[in-house]
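A, B and C label the chains in the order they appear, each numbered from 1.
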């Protein structure tokens, strides 16, 4: 690819001896090697500096072009406008949603945070997000509990156990999961995974159904459990990709120090890789959690919406609604501002929670990065 | 084409920090002037004020005067962009534009400043590549990517790019420090030839190089620990390297420090 | 606790104790099991979608006809209306999100780097990237339909999608601009090229592949978004190119409208075929993005 430089023949001549007088230097011995004739590349004679006529020539000055500044000004204005309009946009979104939600919140006759009712039509509003909160948190945390151990295992396998050649295709496949649109996960979860997991759910309920978390089996296909598994599959690529990056950056000397003490591979991981990557993995998990919290359509499709009058069940095998799925399920009904306001209020809670989770993830990542 | 540079009482500041103080010197046309001295004493900083490149760093400003054949580069209303069109620069690490071919790289200065005529561009590219001693090596692959060349070739490409816009002065900031010895020698030969058409100012860490290529040498050093850099001595190269006036210069030349 | 017998006087490189070896073996089994577990869902989902949908996708009518006049009980028709709708809404979204995203990234890196303003903008971009799609859709609904009274439309969907695509494009462009070495900018300035031309003709072309990657990934994401479609436009079974009308077909809603059907009906198969079509488009964009990224002249560290 690269052509080697042609070797320019050096036109070299030793300097006339008079120019370099070794005897002038007090520390003659020290400088001797410096004062061996220094080869100077010869230029053509005419280039000898400051000949008489060049010195006498009056300076003619330089023509400095007049530069138009409009290009810079316009472009800078465009870029600044783009940047600032994003700030304005986000501010506007926040304020606007808040403004719409507040009237409904004020008219709410129930406690917004503890009620499980959702009466939003008509004049008397009584709604609360307790049920939504429970289902959302339950499904997302369960998803995280399933996804993170697997993602960490995958990340360790790809960085510590597999050769470069094998880890490339495998990580490609795992990352490709992120390319599947969520509605397809919803469809698949409902029609394929749900029925597949149903026997396991029934079995579990029969064994430990006395624990409230595992009780009940209203619809084994449309349960929080199935939704959580699907969510876990959806957040797996994110958590594993970030964990992979973190593990791959474990400093070689930590690993080699462990190896030189005769550690097994697992011990190397336990003592060098995992401690180094801990904050990164936590951060990745929180990002996955944030993603799971905000997932709308897969959850909407899978979860069976419980009948309004049915009693509350904390079980993972019950149906339910998350913030996102409730809003999506009622999309056709936003006909009055007060009703819309209630849904917006729910949406805002979701947004705040998601943002808090993501922000925490970032803080943990930065703090962990600073330590290393 | 080459012009004379007059620097008078230049002080350079980065924000409130006084980086270089009180420099005055003259560079004659068609000569090579070398700036030498230990790291951090202002050589590159001063070089960059000769084409107002220091101004890309926010807060950097200059007091004093730099004149090109009598035209004040820091005059009222003078745009740094205009200055840079007449004072060219070559950097320490070769930096051809990755998105452009060899031809496009050399023509970049002209094209981006509005020249569209293909004949003019072709002539300029050929002329510059010949002056940079690169034409024979690349004339059959002008359409290939600029970053596919070796280090020494890339640097010559950058030199060709700089001279394609026909500047009055060529500034070179340690142009060989990232290159192998053979490429270094090739560039030094090239400087000898460029000198016939341009005024050249070169910053170098390599004293032997300064002695080899320059007509005039300027030695910079810090006045004292924590003080700004200053010009200690400037004079004909032979004198600086054999019989300098200042003790500090002699100490540096003989390797006592730096 | 060594399994090997050695005298105490010898220095021996003992094999690790049985407990340690067992733990190591368990760990090895675990990570490989985890990896297998991670690969299975993708294979399973793809298998399901392909096996149920491939027959229709391979027919010509699928790509050329709409669902006008087709009921769930009848065979026939295609997904043309849905494909066109999905692509159209995504492109309208891109037409708005891409310029703002790129200009915003230019603002952050080229003009305001390190300033307080940049930090504020960056913070709001973070907020934007965390907005759940349903909330973005709700916002557009509240603004355009409740307040302005404009009624549903495909344009409204595109606007909601802008809120989702903008941070993706901006962040990836930002990362690419950061990777462009400063020396390139300096080389351009040294030639007497003004800043705006430097950005436009040197920096952006150098970062171009990475920017394209970000755009492709953003497009793939918004094409699969269902929530805005549910709230902001009605699903149309016929072909409709007009972005301002209140109905528009799209692949996600085509899937959604048919998912409750009984498996024996022809409509059910069409749902899976639509799902396969959507996956194909999404995967294609993702692969294209990776391919372009590999051809990039800027390598990530």
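Criterion: a residue touches a chain if its C-beta (ideal position, glycine included) is under 8 Å from a C-beta of that chain, and two chains touch if they have at least 3 such contacts.
Here the structure is a predicted model, which means the values were calculated and not measured.
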| item | value |
| --- | --- |
| Distance-maximising chain from chain C - centres being C-alpha averages | B |
| Chain whose Cα mean lies nearest the overall Cα mean | A |
| Highest-count interface - the chain pair sharing the most C-beta contacts | A-C |
| Rounded Å distance, chain A centre to chain C centre (Cα mean) | 13 |
| Centre distance in Å when chain B and chain C are each reduced to the mean of their C-alpha atoms | 47 |
| Inter-centroid spacing, chain B versus chain A (mean Cα positions, whole Å) | 43 |
| Contacts with 2+ other chains: residues of chain A | 67, 69 |
| Junction residues of chain C - those touching two or more other chains | 194, 197 |
| Overlap residues in chain B, where contacts from two or more other chains coincide | 81-83, 85-86 |
| Residues of chain B defined as touching chain A within the complex | 3-4, 28-31, 68-71, 73, 78-79, 81-83, 85-86, 133, 136-137, 148-150, 152-153, 168, 182-183, 185-186, 188-189, 192-193, 195-196, 208, 211-213, 215-216, 238, 241-243, 250, 253-255 |
| Chain A residues touching chain C - in the complex, by the definition given at the top | 67, 69, 71-72, 74-76, 78-87, 89-91, 93, 96-97, 100, 149-154, 156-158, 160-161, 170, 173-174, 176-185, 187-188, 190-192, 233, 236, 240, 262, 264-267, 269, 290, 293-297, 301, 323-324, 327-328, 331, 334, 337, 340, 343-344, 347-348, 350-351, 354-355, 358-359, 362 |
| Contact set on chain A toward chain B in their complex | 1-8, 10, 15, 19-21, 24-25, 27, 30-31, 34-35, 38-44, 46-47, 49-50, 54-55, 59-67, 69 |
| Residue numbers on chain C that touch chain B, as the complex places them | 181, 183-194, 197, 201-202, 205-206, 208, 297-298 |
| Of all residues in chain B, those that touch chain C in their complex | 51, 53, 56, 81-86, 88-89, 91, 93, 95-100, 108-109, 112-113, 147, 158, 161-162, 165 |
